[in-house]
Every structure is written in structure tokens, then in C-alpha cells.
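Notes follow the structure.
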Amino acid sequence: MRPSGRKTDQMRKVTFERNVSKHAEGSCVVKFGDTHVLCTASLEEKTPPWLRNSGKGWVTAEYGMLPRATGERMKREAAAGKQGGRTQEIQRLIGRSLRAVVDLTALGEKQITIDCDVLQADGGTRTAAITGAWIALHDCLRWMEARGMVKVEKVLKDHVAAISCGIFASQSVIDLDYLEDSAAETDANFVMTGSGGIVEIQGTAEGKPFTEEEFAGLMALARTGIAELVEMQKQAIA
Amino acid sequence: MRPSGRKTDQMRKVTFERNVSKHAEGSCVVKFGDTHVLCTASLEEKTPPWLRNSGKGWVTAEYGMLPRATGERMKREAAAGKQGGRTQEIQRLIGRSLRAVVDLTALGEKQITIDCDVLQADGGTRTAAITGAWIALHDCLRWMEARGMVKVEKVLKDHVAAISCGIFASQSVIDLDYLEDSAAETDANFVMTGSGGIVEIQGTAEGKPFTEEEFAGLMALARTGIAELVEMQKQAIA
Amino acid sequence: MRPSGRKTDQMRKVTFERNVSKHAEGSCVVKFGDTHVLCTASLEEKTPPWLRNSGKGWVTAEYGMLPRATGERMKREAAAGKQGGRTQEIQRLIGRSLRAVVDLTALGEKQITIDCDVLQADGGTRTAAITGAWIALHDCLRWMEARGMVKVEKVLKDHVAAISCGIFASQSVIDLDYLEDSAAETDANFVMTGSGGIVEIQGTAEGKPFTEEEFAGLMALARTGIAELVEMQKQAIA
Amino acid sequence: MRPSGRKTDQMRKVTFERNVSKHAEGSCVVKFGDTHVLCTASLEEKTPPWLRNSGKGWVTAEYGMLPRATGERMKREAAAGKQGGRTQEIQRLIGRSLRAVVDLTALGEKQITIDCDVLQADGGTRTAAITGAWIALHDCLRWMEARGMVKVEKVLKDHVAAISCGIFASQSVIDLDYLEDSAAETDANFVMTGSGGIVEIQGTAEGKPFTEEEFAGLMALARTGIAELVEMQKQAIA
Amino acid sequence: MRPSGRKTDQMRKVTFERNVSKHAEGSCVVKFGDTHVLCTASLEEKTPPWLRNSGKGWVTAEYGMLPRATGERMKREAAAGKQGGRTQEIQRLIGRSLRAVVDLTALGEKQITIDCDVLQADGGTRTAAITGAWIALHDCLRWMEARGMVKVEKVLKDHVAAISCGIFASQSVIDLDYLEDSAAETDANFVMTGSGGIVEIQGTAEGKPFTEEEFAGLMALARTGIAELVEMQKQAIA
Amino acid sequence: MRPSGRKTDQMRKVTFERNVSKHAEGSCVVKFGDTHVLCTASLEEKTPPWLRNSGKGWVTAEYGMLPRATGERMKREAAAGKQGGRTQEIQRLIGRSLRAVVDLTALGEKQITIDCDVLQADGGTRTAAITGAWIALHDCLRWMEARGMVKVEKVLKDHVAAISCGIFASQSVIDLDYLEDSAAETDANFVMTGSGGIVEIQGTAEGKPFTEEEFAGLMALARTGIAELVEMQKQAIA
């Protein structure tokens, strides 16, 4: 029995609120239950140094958590003077996930930075961030298309979304909340495209090692969940 | 004529949305027009080292701006590795303003940290932050009172709120938005209590120096505006 | 009764010692009683990036305190690895104050940096720094004038000086020393020009909030004091 | 055809040189072909703060690359003033992998730090590091056992080893060297125990997304390779 | 011919101004010609962690240069966020030099920190700093003796002073100023005690290597110069 | 009697293993007994900013110690976020020593960085590093010569090597190991060229000051030792 009373294959309520920022070229607040992430896309007319004169653009991401997004207040990273290892891991993952569905040459020599800031955390912040970041990126590209800068269909080749699955109380469950996450034996994050291709898999045994069969079960759950998320993304941008 | 069409003594629409955080002991999103600040209050059962065994508690604040809260994306302070001078100035101001209406002995050896994170900026983020921080602090104290830890009336001696005033296009105006702020000849921030006492005054000539008469005009505007803000705080917590 | 025996409207003895540095284009040691600040002006043939090709120059300031300028030794900021919030607040204030009386276009694409280093502190370091920085800036401009680079009268439009006032033992007093400063109920800093314009006002209630009347009293004290300081600046450069 | 002429399921030559450090309680240089990692285990009689008085110990890892371990010299992280995101990701992975086979309660309130420093890199540094770190950890525990501090069999529950697999030139290959790694379409790292349990899976699409079938192929390769590595570990400590 | 017209064995005019700080337990401004260093001694009733409960005290030093102490303004180390290698080298040297003449057990569990801040630089700042630091340390110990805390003669076993010598224009000269220092072929710093013992020798070939005979010549010059400096220290504290 | 049983003028066994790095243009592992340092030379086609368009190149060095190179594990400098004072002193010394035998104009506008990383420490790491760095530098220049970039004989004017000497148990001894180093009364490092010129001398009294005669004794020991080291370098590159 899950603490939330959800079924093993039942995700939390997922919503996207678009155009939440007056300034950003694309933005949304994505909610996976009590996990709320603000995603903004910022267009800059330049690329990183290593792409200068390559004709290619870049899509990157930064991730942050507000100090009291969590049950206990965490030290503000800006005050601590550096981003922790977990933050860096996550923002690198978000960037890679988005670039997997972007044609950087079609984008041209521009950079889009997606900022994913967790307003409230209840497990699964990185998967919510990726799923919402796609919406912000899409809206930024629409903004550019409206100004004749790109063709969205040329740049954005597919959807990308992510979900966590894990083994909690000996059962495979989808979309773990904080209570489940902190007690899970195995924790896995999956990033997939709209057409079902896999972009990233991260599986970690928190307690005892897991088997291939268990992992296959988690992936099956993820596949169904991500298909649902992609459907919701489609409705959100319709 | 103000860019927004407001009258010289007309503040933007101000709203407080309380209890926006599942985790924080007190929280609100305060909006002064398009300036939106998330304020959370976090209670810790400890004081800073210099107050150990003094019987006194502490109220402090931290301030941050999401990278794309502004028209152009700013570098994330956590990535830059330090908080800028402006950030530090503002968070020191918020902390002082709140402490001016708190009886630290009545609070006891506890620390309340108010995090003020600007989700969207359109001028006046520090004054919105102070005004909203008071709500978050109040709600945190109510939370403590419900658990028998303090008497709110003993700890929180008064309201505190803040507003900016300035000379824009040769006219004294209240609650400057970004367009006005960036073109103002004089910019002043006032922090006052519910009973009309002054807690902080900061006045800066951006262009040519200002006169005592001009400054008195700004203060008169501020006095009326802050009285309105305090009234709104009262309604918000009613 | 003030600890120093001074009258409420009596400043400490103020002196300027010019040309104290063999290297700097302008320099002075300013003393407000036991508060001693070394101010040096350094000319550089470049501007900050945001002013390139604008035809404008820049005047900026940095502030520091020697570790044992104070009663108890403070940690050296270079060893701590960052400048504290107070340091940043003060150096931003000094820079703004000086720029208020400088015509940056008449200066041309050059940068003058005023370093204000507190050799000994006894309250009022920021106001002494501003008052002395003006002398260093003036002397730097004279140095430039002697080389045909600028006309001092075109660049330096007015004097600027600063003084602190506060409410100590229920009385409004001028130019607080450390003993008064640490016990003051209200503390205010005023920066004004030679012609009486106000450049900066910062007023803070340390204990209970203050009234508009009290603040007006502090401003009146400041106005007289700053007029005296400007007179002393005139004599110093005569 | 692989650049090295290896077969798709052929790992590079793997060797362990034990006891390479005069000082460390356990140490080895592990080589996967031209990838050489020095692993040292350091015992400290203390635990991290969050485990004080818990009766539990801790095993952690740090990872570094000498500046010229790579084809082009990289900036020294100590000189840069921080560890990069990749470094932090890898050292967190090594620590988690080792803790998966350690009984922290049987270890008692001690900390073992495994330093993995890459002397020369040619792809697969993290998998070589994990595989060698196990040897260093084992030898440290033997050192402790010889002094009556622990029973190795109680603390170290199993072997752990790691290998990378990927899709290179449309073929699934094991143990990618740098040339393959930088051109691979998909890159995956697997960490498994001696009894075949999975500890960590990380799969990343570098170019186009991959399929479940492709991933299953990589995992099959990894399973065989890790079994070989565990066998080599057994011989190394025999 | 030396740029200053001095003879090869002629030091610059050396002066000590004692008691320049209202706050420090000991202080002096030492001048070697145009090189001016403010030395303050700060007493703290604690020792570094590694000496706790050892019965021993500690003497340490910090060194800094004001940004415009030099011909061209240097970046402020506090703003740069770290102390450079040269600064660290020098402050370690000053500390070692002073401890060579201090009986740390006779000092007892206290720490004296000598801050050496260069107000104006014209070569030889480290040797001036050591020579002046001894005066500040001495005066701090006298301050302590007056309060019954130590016996100066027990703690301070001897004088210590320092001088630079070098080969300039093929001649061995003493006490190089900046012009000589920047053109010297060989540069050496000597730290010696009042009784003629050597505490530190640092010799560096700036251009071509030097011979033992040349080095012996520099040491002979240094020996005479340091004897003079010690004599001046004796007069200064008389 | 020395702890190692060596005679007072007997160095430890010294070996050079060349070409230890697949990537670096020059490399060696130098061993002075149990002190092992990996030296790699990296060629870059650029110079530091201050040498641009000067026609001159640059040779510099960086130094690091692996965390468990020592008897007790030291904090990793990359994790600490800065290089300590000792590290900076040593790497500056290595760079100066190498440049003393290099004709930077003959090198041309290129930079060679020598990384000296201590794999295992037992005293004398800086002298081993200098001695081994010369080999790595030489081999890098040979690599360049093979590509027609330089003439080795034009660039590398002489050998350079280094040794420590000290007074241990009242006797002058050469090449101190850790046990001797930590108990020595005087510790000196000498850097000399193949033709006997002195490049650097650093002598420090750890306990009581030393005499000129004692220092002369140390230098005599060093001269013989360095001559031997240069002979070994010659054999190593033969």
C-alpha cells in the first residue's frame, strides 16, 4: 500500500501552467502532485565559445531548489558559494535530455537556457523538471517562430518526458513521492521521447541490489507513464 | 504621465496569497503588480552562535532572484559562486526591518529565517519582499502559538511594510515599476510600522541631487501608501 | 551628555592630509577624530565593458578595513575569500556619492578607482571615506588637468561630503563615534553636495522606530555639519 | 570494426597492482588498457556528523584526474577552485557502488575514504575506478582485520565491479576506449555485484535515442564482462 | 651607480613609529625609505586547534598590500576572492621569522597575530614587515607584561630583523628599492637574530645563476645591515 | 645516526622512469627513495597574456599532492576549493627553477606547463619535483625538435636539479626523508645548474637559528649531491 493510497502504476496529478513569466520567451509551472517546478526558457543571441562559427546553437539547463522547497530548510547554494554535486548532476541531465530532441543546426547560433527552479519538493523534482522544461523550450521556439527565427518542427524533433519508478515495500511503483523515495529499495529515472526512444536511464540500488527482471518491470511502468506525460504535453500546447 | 497610466499616488494592485508552501511554517506570495515574491518562514530550534544562552532568538532573511525574473536573464548567483552586493544589501535590509517589530526575548532561543525569492521582477522587489515577509513571519508565529511555543502578541509588536517612492519625469510618484525605476531621478525606499514609526529610509539621487522639500514629498506619499499596505496585511491575516 | 564630552552639534576634529601616496594620482588621509581612512585615486585608461565606445568614463570605489582597525581584530576579507555584505554596501555607496558630482562624459573613456582603506575605526568610517574620497578624486583630476587630459571644472561639478547623525541617549547628535554608534537608537547617514543638494539618505532604527520630526532634526544637524565639511574641503585644496 | 581491433565483447587487458602506497591502509593501481587509476583507501577513526553515535560507519570516495591524464591538458581543479559537475557525479557514483556491498554497522564508527586518481585516461575511468576501489577497500579491511578491528566477511558482503558498454558504429561493444567513447551513439555504465545483482545503471543516448532491445543487449554484454572482472578481483586478492 | 645614489652597502633611511593604533596591543609603522608598512599585534586568548591543551601559544602573521601601494593599482585580494601565492609566501615567512625568537611555552595558551599591511611599496616590503613586526610583537608583550600576563624577557628571546641584498648592475648592493629589485640579476632575503644567528635565507637568480662567492658577498652585506637594524630596534624600544 | 641508516652525505636511491604518459609531450616518474613524483610536460600553442606578441614563450609549473600521498590523508585541494600556501610556494619555485635554464625567446610563443603530482611523499617532494621536471621538460623539447619546432640546445641552456640538506641530530645531512625532515633543526633546499650555478637557496631554521658555517656545510653537501643528480639526468636522457 502506497502512503498516498495511489495504485502502483498511478502517477500523481500532473499539470502544466504555461506563460507564467512576463519576461521569459517560454515558461511553465509543472506540478507532479506536491512537486512544483518553475521552468523558464531564455533566448540569447550567442553560443558557448566552443560552438562559435559552427553554425550550431546550444540548449542548456540550470537547476535550483529554493531553500524551503523541502521539509527542512536547506542552505541556499548562492550563500554557500557553490552548487552541490546533486544540483550539478540534475542540471546536466536536464540539458542532455532536451538536446536529445533538438536539432542544434536548425536552431542556428543561438543559446536557449532552461532554468528549472523547484518551488516545492515532494520527490521526483528532476523528472518533473525535464517534463516541464520541454514545454518551456517548445514555447520559446514558438516565440522565435513567430518572429521568423526558426521553424519549430525543424528544431524540435520530438517530445521528451521523464518519470521515476522504484521498488517500494517490495512493489514496483511509479512516480515516487518523498515518503516513498526516502524508503525505496531501488530508485530509477527514465527519460524517453514521444516516439518511445530512450534518452536516459538511471537506476540505483538504495538498499540491496536489484535484478534484471525487477529493472524490466520498472521500465515497463515508466514506458506507460511517459506515454501519458507526452499525451499531456500535447494537450498542454494544443 | 506614468507609463502604467497610474496616478502619482496610486500603488499597483497588491495581493497576498498565504499558505503557498506545504513545508514552511509560514509562507505567502506577495504581488505588487508584476513583481511577485515568494516568502517562506522557516523555524529552527537554535540561534546564531553569538546569542547562545542569551535567552534571545533571531529573525533573519535571505533574498534571491530567479535568473529569469528579469527582462534579461541574469547569471545564477549559485553558479557564480557568490551573492552580489545588491543581494546582500537587500537581505540585510529585510532582516533589520522585521527585527524592528519583533521582541527577540519573547521569541526565545529560536531562529526564524525568511526566504524572499523573486519569481518575477518589475521594480520594487525589496519593498514587496518586506511587506510579504511580515505575513510569512506572522503565520510562522501563529503556527508556533498553536503548538504552545509563543504568544504572537508578545513577539510581534507591530506591522511593518515598505514602499518605494521616487521622482519620475519631475513628479513624485509612489511604487515605481521597472520602467519608472530605471528612469527615475530620485529613488527612495521607506519602511514603516503599523503605528507610523519609521524603521528605514533610503534615498538616492540617481541623477541630480534632490532637495529636502522633494524628499518630504516622497515621505508623505510613502506614509499614505504604507498605511494602505498595513491595512491590506490586516485583512490578509484576518 | 556625550561620552566624548562633545556638544550635540559638534563634529570631531576633521583633518585632511593630501599627497600621502608616492604612486596614486590623488590621495589623502582623512581623519574624523580617531577614525582614519586612507583614500587613493587610481586612473586607468579604460572603462568598464558596458561603457566601451560610449564616450563616457566611470568613477568607482572600493572599501576595506584593516583587520585591526577595530577594537577586536576582524578576519581579513582576503583570507576569508570574500567581501562581506557591509563592505559591499559601503563601497557601492561611496561610488554613487562621487558619481553624483561627476560629469562622466566630460571625464571621457577613463576610469578612476577610489580605494578607501580604514586604518583605524572609531565610528563613521563611511562618511569619512566619502568626504576624503572627494579630495583624492579632486587631486587626481588636477593631476590629469596638468597633463591636458581634462578640465577639472568640467568634470567635477560640485563638492560632496557626508556625515552621520543619530539619536543617542534620547538626543540628536552629529558625527557619532563608536561608543555612541553602538548604543544609538537611530542611526542615519547623509551625503550632500556643496550646493546643498541631497545625494543619499540612509536612516535606520536600531531600537524603536523613529518619527518624522526626529528625522527632520537629524537632517538639520547634517546640513550644518556637511556645510562645514565642504568648507574644510575647500581650504584643504586651496 | 573497433579502432583497437578488439571484438565487440572483448574488454581491454585489466590488471591490478596492489600495495602501491607506503602509507594507505589499502591501495592499488587498476589498469583497463591505457586507463590507469590509482586507488587508495584511508581509514579514519570517526564518522560524518550525521552518523555520530549511530554505531554505523561510512565509506565514501573522491575522484580526480591529473591535469595531463587526458589528450589535452585540463585545468587543475584545485587551481580552478572547485570540482566540476562531472567529477562530483563520478565520486558520488563510486561511493554509492561501494556502500552497496558494505555492512556499515559491521564496520562500526569509522570512515574509509577511497581516493581514485586517474593517472592516465583512455575512456572508462569511472568503471575502472569502481573496480579498483573495491580492491583498495578490501585490502583496507584486511589491514583492519589483522589488527582485530573488523571481520572482513562481516563488513564486505560481496564484490562490486563496473564496465561501460555502448553502441559504436551501430554495434554493441564492451569497455569503450576514448576513441569509441567520443563517437558512441549510446553510452551506458553498469555496476554489479559478484552475485549478479545490479547496483547502478546509467544509460545515455549521445546521438539518437536507443531502444529497449539495444539496452538489453548492452546489459547482456555488461553482465558477462563484470563476471570476468569479479573473477579477476578474486585472483588479485587470492 | 645605484638609481638612488646610495652606496652599495647603504640602506635606505629606516624609521619606526610606535603606538600608531588606538586599538592594537602593539603597533608600528616601519619605513624603509618609500616602503611603508603598518604592523599591528593582536592578542587573542586562544590558540589554534592543534595546540589546545598543550600549554603553548602561537605567533602568526598576515600580510596584505593596499591596492594602490604600488605603481600600478593591483586588484584587491578581498575582491578577487583569494590571497595570491606571493602573499601567502610572505606571510608564512613573517610568521616563521617571529616564532624563531619566541618561546611559545612561556607565552602560554594565547595567540598573537601580527598584521603587516603595506601602505606604500618601493621594494623590500617583506623585510621591512619582519623588522617592524618585531617591534609590534615586542610592544604587545610589554602590554601583556604590564597586566601580569607574561615576562617579556622569557617570551622574546632575541631580536629578529631582515634585509634584502642583490646583484644589481653586476654589483652587490643592500636594501634594493623597486627600481633595483625589478632589474636585479640576483635577489636574496636574509632574516637574522640580534645575536647573529640565521633564521631564513632566500636567494633567487632572476637572470643567470649566481656563484657561491657572490652569495657569500650578499650575506656579508646582510650581516652588517641587520646588525644596524637590530641597533635601531633597540633604540626604538628604549 | 640517520633513521634510514644512510651516511650523512648519502642520497636516497634516485630513479627516473621516462615516457610514462601516453598523452604528455614529455613525462617521467622521479623517485627519491619513497618519494615519488609524476612529472608531465604539456605544450600549448599560446603564451600568457602579458607575453602576447613578445616573441617569447613561457615555462610554468603546477604542483599537487594526492590526498593519501602522506602518512595521514590530507584534504583534497580541489574539494577544499583552493590551493594552500605551501602548494603555491612550491609550484612557483619549480617554475622559477626551470625558467633559469630556458631561453624563452628561443622557445618562441608557446607555453610548456609542467605538472608535478606527488604520488607518494617521504620528504623532499619539491626537490624531487624540480629534478624530475627537468627531464619532462627536456623530453617535451625533444618532441618539439622532432617536429621542427625548436632546437633543444638553443632552448635548454643547462641542467637544473635540486636537493634538500639539513641539520638533523646536530649533523649536516643530505636528502632528508620525512622522519628527518620533521625533526630537523635546519632545513635548506638548493637548486643548481649543471655548470654549478646557484638558482635558488632556501634555508629555514626550524628550531634555533643556524650559523654561516653550518650553512656553508649544507651548501657543500648540496653541491656534491646536485652534481650527482645532474649526472643521473644525463644518463637518463642518453
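Read from first to last, the chains carry the letters A, B, C, D, E and F; within each, the first residue is number 1.
Definition applied: a contact is a pair of C-beta atoms (placed from the backbone, for glycine too) under 8 Å apart; a residue touches a chain by one contact, two chains touch by 3 or more.
Which protein is which chain? UniProt says A, B, C, D, E, F = Ribonuclease PH.
None of the values given here were measured: they were computed from a predicted structure.
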Co-neighbours of chain F and chain B - touch as defined: none
Listed chain pair D-F, A-D or E-F that repeats interface A-B [over half of contact pairs the same by residue number]: D-F
Residue-number overlap at the chain D/chain F interface, same or different (half cut): same
Geometric centre distance via CA averages, chain E-chain C, whole Å: 33
Distance between the centres, which are taken as Cα means, of chain E and chain B, whole angstrom: 50
Computed distance of Cα centres, chain C from chain B, in Å: 28
Interface hub residues of chain D, defined as touching at least two other chains: 81-82
Complete ring sequence of chains beginning with chain C, oriented so that chain E follows: C, E, F, D, A, B
Residue numbers on chain C that touch chain B, as the complex places them: 82, 84-86, 88-89, 91-92, 96, 100, 188, 192-193, 195-205, 208-212, 215, 219, 223
Chain B contact footprint on chain A (complex, rising order): 21-24, 27, 34, 38, 40, 42, 44, 62, 64, 66-71, 73, 76-83, 87, 113, 115, 117, 119-120, 122
